[in-house]
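Next come two complexes built around subunit A: one with subunit B, the other with subunit C.
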Partner chain A sequence: MSFHPQMPYGTPQWHRSERVLADEGPPFAFTPENRQKLEEIASHYPPERRVSAVLPALYLVQEQQTHLTGNAMAHVAEVIGCSRAHVEDVASYYVMFFTKPVGKYVLQVCRTLACALNGAEHVTAELCRQLGVAPGGTDAAGEFTVMEMECLGACDRAPVVMVNNEHWHECQSPEAIQALIRDLREKGVAALTGCHHTKE
Partner chain B sequence: MEKVTFTIDGRQVSVAKGTTVLQAAIEHGIQIPYYCYHPGLGVDGSCRVCLVKIEKMPKLQVSCSVVATEGMVVDTRSPEVVEARAGVFEFLLINHPLDCPVCDKGGECPLQDFSYAFGRKESRMEFPRRTFDGEGVRADVDFGPTLMLNRNRCIMCTRCARFMRDVAGDEQIGIIDRGYGSEIATFREEGVHSVLSGNLMDVCPVGAITTRDYRFKSRPWDNPNAVDTICTGCEKGCNITVWIKAKPEWAKGSQLARITPRYNADVNQYWMCDIGRFGYHWVEGAERLSAPLVRKADGALEATTWDAALKALADRLGRADWGGVRFALSAHASHEEMFALGRLAMALVGDAAQSSIGVGWNVSAKPQAGATRFTVPDVDAPNVGGARAFGLVEGERPTPTVASLRAEVEAGRVKALYVLDPGPAGAIGDLSWAVAARKDGRLPLLIAQGPVATDVTRAADIVLPGCAWVEKDASYANMQGRLQAASQGILPPGDARDDWRILADVAAALGVPLGYDSAHEVRQAIAATLGSEPAVAGIAALEFRRPAPAATWLQASNPMERLKWDFLFQDVLPLKFENTRDPGHRAGEKT
Partner chain C sequence: MRLPEPVLTPHVKKPHGHTLEHYLQTGGYQALRKALALTPDQVIEQVKQSGLRGRGGAGFPTGMKWGFVPKDSPKPKYLCVNADESEPGTFKDHVLMERNPHLLFEGCVIACRSIGAKVAYIYIRGEFYHVQRVLEAELEKARAAGYVGKNILGSGVDCDIWVHRGAGAYEAGEESALLESLEGKRAQPRLRPPFPAVVGLYGCPTIINNVETICNVPVIFDRGAEWFASIGPEKNTGPKLYCISGHVARPGVYETSMDVTLRELIYDYAGGIPGGRALKAVIPGGSSVNVLTPEALDAQASFDGLVKAGSMLGSAAIMVMDETTDMVWAATNLIHFYKHESCGKCTPCREGSDWMHKVLQKILRGEGSMRDIDLLLGIANNIGGKTLCPFGDAEIAPVVGMLQHFRGEFEHYVREGRSLVPLAPWRAREPAGAHAH
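Now for the complex of A and B:
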C-alpha cells in the first residue's frame, strides 16, 4: 500500500496460502425483493446489532444463487456494514453455508447417533449409488447434492433427510429415498412436502 | 481508589477494585502464564493457561477472567494447578511445529518461555502434526504488505483479530473454519492492509505473525543493545525502543535492527504505526551524508573537511549582506536546534530574526478506520509544538510558514538561504522553489544542513552533514505539548555532527559565537529564556537514555522478568539502566 514506507524486502520468495477459497464468482447484488427481505429481517435487531443479520443475509444469498461466492460475501458485508473478514469468518464456521456450487436439491442426511443406529449410512449409500456421486458431491446434471450432516433435530423419526435447509423427510430408508428422488425428478419442488411421517 | 486485599500464594496483596487475579499477579511478580490476555487488548479467556486454584470455588479458574475480591485465597502453585497447566501446555504444543531454531520469535517467545517454565518435559503426542500450508518456512505465507503468517505456529489466542477489531477499528482478520481446523485469515487471503499492522507482530505470543522487515534479519540475542527513545515520524511522539545489532565498527550492514513500541499510557499506549516502525532505513541508507560538501569553481560538489567547509561558508556568507540571510527550518528540528538557529538568526539578521525563519513540514492523511483507537496524526513532523513555543509558527493548528520566505526568495531579495532539515528526505516540505531560484541565480547562496542527500543538498553551495534522530540526544514537544527526550542509540556516519553543534560552529566561523559547549548548555539556555513555556518546561533536567544491554532481558528467560517484558518491552527498572554503555560521546559533553 502506498502509505507504507518503502522497504527493501529483497526478492519475494513467499507464497500464497493453500487455504481453499470460495470462488470470486460473478458480480453480485441482492435482487430488490431480497434486499427488502433483508432489511425487514435486520429491522428485528437493534440498529447497533445489525451485524446479527449476517446469518439470514447469507441464507438469502444461497436462495438467490445456491452458494456463496467472494463477491457475494463482500456484498453482504457492505449491506450489513461489517467487515468482509467477519462475513467470511461466519460463513466458514457453519456447514450449511456452501462455498462451492451445489445442485438444485441439497439432500442432507443426518449421521448422528439416532439416525446412525437406524441405518442412515444405508440411506446415504443408496443415494450415492442412485446419483453416482460420493458424499459431498453433486451429480452430473447439477441437480442433486448429497451431504452428510450432524444432528438435524428429529431423532425420534430417524433417519432423517433435510432437503434445501427447509424440508424434512423423516423415517427414511433406502427404498423411501428412491421414491423421493423419483418424485423430485418428476414433480420438482412440489414433491417437497416437509412431511412429518408418523412411524408405522 | 477503592482497594481490595486478597491472598495469592500466601502473600497478602492489595490491588485496585476491579483488577483481575491475573493482573494482580503480574503487578506483584507472581508467575502465571498467559497468552490471550494482553494489557492493551483485554480479556478473552481462550488460551486457558492462566489456571489457578481459588478457595471455595469448585474447579480451577482462569485467572484472567476472575475479578479479585476481598479475602479471596488464590493458589498458583498447588499440584493440582501445576498438573492442569502442564496439560494445557501439552495441548497447545500438539500442533505447534517447535521450529524455534528457525523462528523469528525464538528467544523472545512467550510460548517457548512459559512452556519451559510450566509445561511438560516432553509431549505424548504420537501422531503427525496438522499442517496448514506445508511444513517449515514453506508455511510462511503472504499476510499483507508488511507481514508474514505461519498458521502452523498459531495457538489461536486471537490477539491479532482483537487488535484489529478493538484498536485499529478495522476488523480485517477473522477466524476461518472452526475447532481443529481454525485458522487466522483475512478475507480471501488479501492480507492485512493497515497502518498499524506492525503491532500484530508485537501482540502475537508465538512466531505466527512476523514482519517482513525483521524476518530472518537477526536473532534476539544478536541485538545486544536497546535504547529507549521516541519516534520522530509525526507529532504523536510515540515512545519506542530501538534495537541495535552487535556489529564491529568495520563490518558492513546496518546497526538498527528494528523498532518496537514502548508503553506510555499518555502517548501511545502499547502501540506505534508502521511508518515509524518500518520507515527508519533512511538512517543507514545510501543517501546519507558523511562529510561536508563544498561546491567548487567547476560546479561540482566536493567532499571536504569541516574546517574547509566552515571557512568556505564564512567566506561566502561574510561577503553577503547579513540582513538578507533567510532560514528555512524543518519542524523535524529539535528544541536545541530551533533555539540555536534562532540565536544564529539573531546574530545575523538582528531584530527581524523571527520573521527571517520559515518553518516547513509535511501533512498527509493516513488511511485509518473511523473507529480506530490509535490515530496517526496528519502532521509528519515531531516538533511543530517546539516551533510554536519558539514563536516561529502561530495558532492552535499552525500551518507551515515558508510561503512568505518563498515570495522573498523568488523576488530575488534574499542574499543567502540556510536550510536546516534533520528529517528524512523532503521532510521540510516542498523546497523546489529554492532549488529553482538557486539554479537561475535569483538566490545567490544556498546552504543546506541535514542528514541525507536531497534535491536541496544537490543544488546547494555548501552542505553540512547532520544527524538523524537516533544519532543524537534531543528534545521535542509532541501534539499534546508534552516534552520528550529522544536519546542517542548509534553514532552518526563519518564526519556528520550533531545539528545544534553545526549551528554553533557556523556561528563561531562567522565570528558571532553562540557560547554553548554542549547540548545540555543549550537546554539550560532554553530553560533560562523560555522556562515558563509548557512545551519546554523542565528541559534542563531532561534525562536521556543510553543503549542498555538487552541481555538483561534475554537472560531473564526467567519468566518473572519476562512477564513484565511481555508488557511489550516496557521499562524493566532498574536493571535496564544501571549497566549502561557510553556510545562514544565526545569527551566533556554532559548527558
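Now for the complex of A and C:
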C-alpha cells in the first residue's frame, strides 16, 4: 500500500513505532537484591503510580541477563502490577532495551553529525571489518555487538563510543580500534577512557 | 554587560568541584537561605524581574511559566527537570549535572517551593548512566545535610528530588512526551491544551524546565535579580552556556552572556577551524534549527539575535562545518536522525522523515533527478506545521535550510552524480550501514 506513487510504503527497517516481540526465553524472576532495588526505586513514585518504575525495572532485567525476554517482561508486569502488553509496548519503543540476544560487549557508536564530521563512519566501518559483522550484528563468538546510536550528548569528544549502555570511550579513531578490541578482551571495561568529566 | 566570569561553570575542571564540601566552601546553598526568607510569590516575582528565559529551546520566560500553576488546586504539584539533552550537538546539561550537581538541586528546591511542589524528578537520558551515579551520590549527601528532603533548613519546606533515567529516545525531551515516559509509557507527546502547568504529571499541575534554566535560579538569588538582568542584551539576560562541536580546534562548553557573536564563539572561544580551512556552514542551535552561512557570523548569539539572522538559539548547540563538508551528505545524516527518532504517532512526521531520507540517499547515490529536489521541498511542506508536536518542524529544518543555502550542491549531485566537494578524508563515501535493531 502506498499513499503516494513515489513512495514505497512500509520500511524494511525497524522503526520505534513498531512493537517488536521478544522470544519467551528461560523462566525468569528477579534476584532478591534486584527485587529490593526495584522496590526502593518504586518508592520514589506515588504508590498508585508504580508503573512509573517500568523503565528502571527493565534496566534491572538487562543487568541480570543482558537482554529482555518474554518471560522477563511477564515477570516485570507482575511485580509492577500492569499488563504484559504494556511492558512489551514500552520495551519495544526505547533503543536501549535489547529484545534480541547481544554480545558480552555492546559497542554503541554515535553516528550523528558532530561525530560523523570527525570520522564516526570510519570507526563503525573499521569495527565491523575487524569483527566481521554488520552494524547491529554480533560476532561469531558472541563477544561483541556493534550498534549505531544517535547523538550521545558528548559531541565535543567526537567520535564517541558507549559500551553496554553505561561505559564511555571518547575521541575514537579507526587506527585505535584494533587496540580497543584487544584491551576489551584482556581488561574488560576497565580498558575504556570513561567520560572526560568524571576523570579526576 | 558581558559576563565578567563564569558563574555556572567556574569549578568544572577541579577534580572535586562537584562535591557538597566544595560547593559549601564556595558559598553554595546561600541562595536557598535567601529564597526561603521570601514568600513564594516574591520568589516568582524575582525570577520574573531577572528576565530569565528557558534554556531548553524555546526561550519561554521562566517566571511567567511558574505563574501558570493554579494556586488553588488541591492536587499535588510537580517539578520535572528536563535533562534529556538529546538535541544533536548539545552537551551542556551533561557538564552541569556532572560537575555542578548541587547548583541544580538548589535550583530545584527553590523552584519547587515557589510553585508548591514537594517532589522534583530529574529526567536524564538513558545514555547518562555515569551522570545518574554522580547525581545520586551527591543527592544522598545533600539529603543528609538537610538541603533536600523533609523540613529543609528548619523552614518547614519539604522537597524530595529523584533521578529518573530514560532509555534512549530523543522525543522524550519534548515536555509532554517526557511526562508520558516518566509515567512508564512510550515517550509520545500529548495533545495540548491542557498544558502541563495545569494537567501534567499524573494529571497534576507540573512545571518542566531545562537543567540550565534551573541552574540559573540560585544565581538570581545569589547575585540579585538586578545583576542578572544587567548581564547580556535586553530580554536575553543572564549567563549562557554554548556547546561548540564539529570542525573547531577546541570543541567544548563555554560560558558567557548572550551579547557574544557567532564569530567570537567559533574563532575566539573554540579556537577557529583547524588547518586554516574556511568555514562553510554553521548550525547555531542544535540540528532542529536552520543552518547559517558565514555571512551570518556577526549575528548576536542570543534568542532574539539569531531569530533576526533567520535561525534560532535552540539549545545553543553550535555545530561548525568547514569547506570540506558535503552538504547533501550532512542533510542525509541529520534526516536519518529524525527518521530514527520520530515517535511514530503522526503520519506526516513518521512517513515523511523516512521518505525524505530515501530521496536524499537516492541523490547521494548519484541517481537523483531535479524533480527529487522539489519533491523534498514538497514533502517538507506537508510536514511543517501539520504535526502533533514541534518535532515535525524540527525535522524539516536541516533539509529546507540546506536546500535554501546550498541548492547548487544538490543540483550538482543530480547533474554529475557526485559531490561538488572532494571526498574529505574523515568521511566514508558510503554510509557504514543502516541502523539495525
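By definition in this document, the second predicted complex is superposed on the first by the 172 of 200 C-alpha atoms of A that agree within 3 Å, B and C clash if a C-alpha of one lies under 4 Å from a C-alpha of the other, contacts with A are read in each partner's own complex, and residues count from 1 in each chain.
The working rule: contacts are C-beta pairs under 8 Å (C-beta built on N, C-alpha and C of every residue); 3 or more make two chains touch, one makes a residue touch a chain.
Note that this is a predicted model, so its numbers are computed, not measured.
Between subunit B (first) and subunit C (second), which, if any, makes contact with A:Arg84: first, second, both or neither?
Touch status of A:Arg84: first partner only.
Scan A:Arg16 for contacts with subunit B and subunit C and give back first, second, both or neither.
A:Arg16: touches subunit B and subunit C.
Identify the partner contact of A:Tyr93: answer first if only subunit B is touched, second if only subunit C is, both if each is, neither if none is.
It touches subunit B and subunit C both.
What's your read, subunit B or subunit C touching more residues of subunit A?
The partner with more contacted residues on subunit A is C.
Could you tell me if A:Gly153 is touching subunit B, subunit C, both of them or neither one (first, second, both, neither)?
Only subunit C is touched by A:Gly153; subunit B is not.
In the overlaid three-chain picture, which partner chain does A:Gly70 touch, first (subunit B) or second (subunit C), both, or neither?
Touch status of A:Gly70: first partner only.
Check the residue A:Glu39 against both partner chains and state whether it touches subunit B (first), subunit C (second), both, or neither.
neither
So which bits of subunit A does subunit B touch that subunit C touches too?
3-4, 6-7, 9, 14-18, 82, 86, 89, 93.
Note which residues of subunit A are touching subunit B in the complex, please.
1, 3-9, 14-19, 21-22, 24, 70, 73-74, 82-89, 92-93
List the residues on subunit B that touch subunit A in their complex, please.
132-134, 138, 140-142, 145-146, 148-149, 151, 170-178, 183, 185-189, 193, 195, 212-213, 274-275, 278-279, 281, 364, 366-367
For the complex, give me every residue of subunit A touching subunit C.
3-4, 6-7, 9, 11, 13-18, 20, 44, 46, 49, 51-56, 58-59, 80, 82, 86, 89-90, 93-97, 99, 111-114, 116-119, 121-122, 124-125, 128, 134-137, 147-158, 162, 165-166, 168, 194-195, 197-198, 200
Give the list of subunit C residues in touch with subunit A in this complex.
Of all residues in subunit C, those touching subunit A are 12, 15-16, 76, 85-91, 93-95, 98-99, 121, 125-130, 134, 160, 162, 164-170, 181-187, 202, 243-247, 251-253, 283, 287, 317, 319, 321, 325, 330, 333-334, 336-337, 340-345, 350-351, 354-355, 358, 375, 426-428, 431-437.
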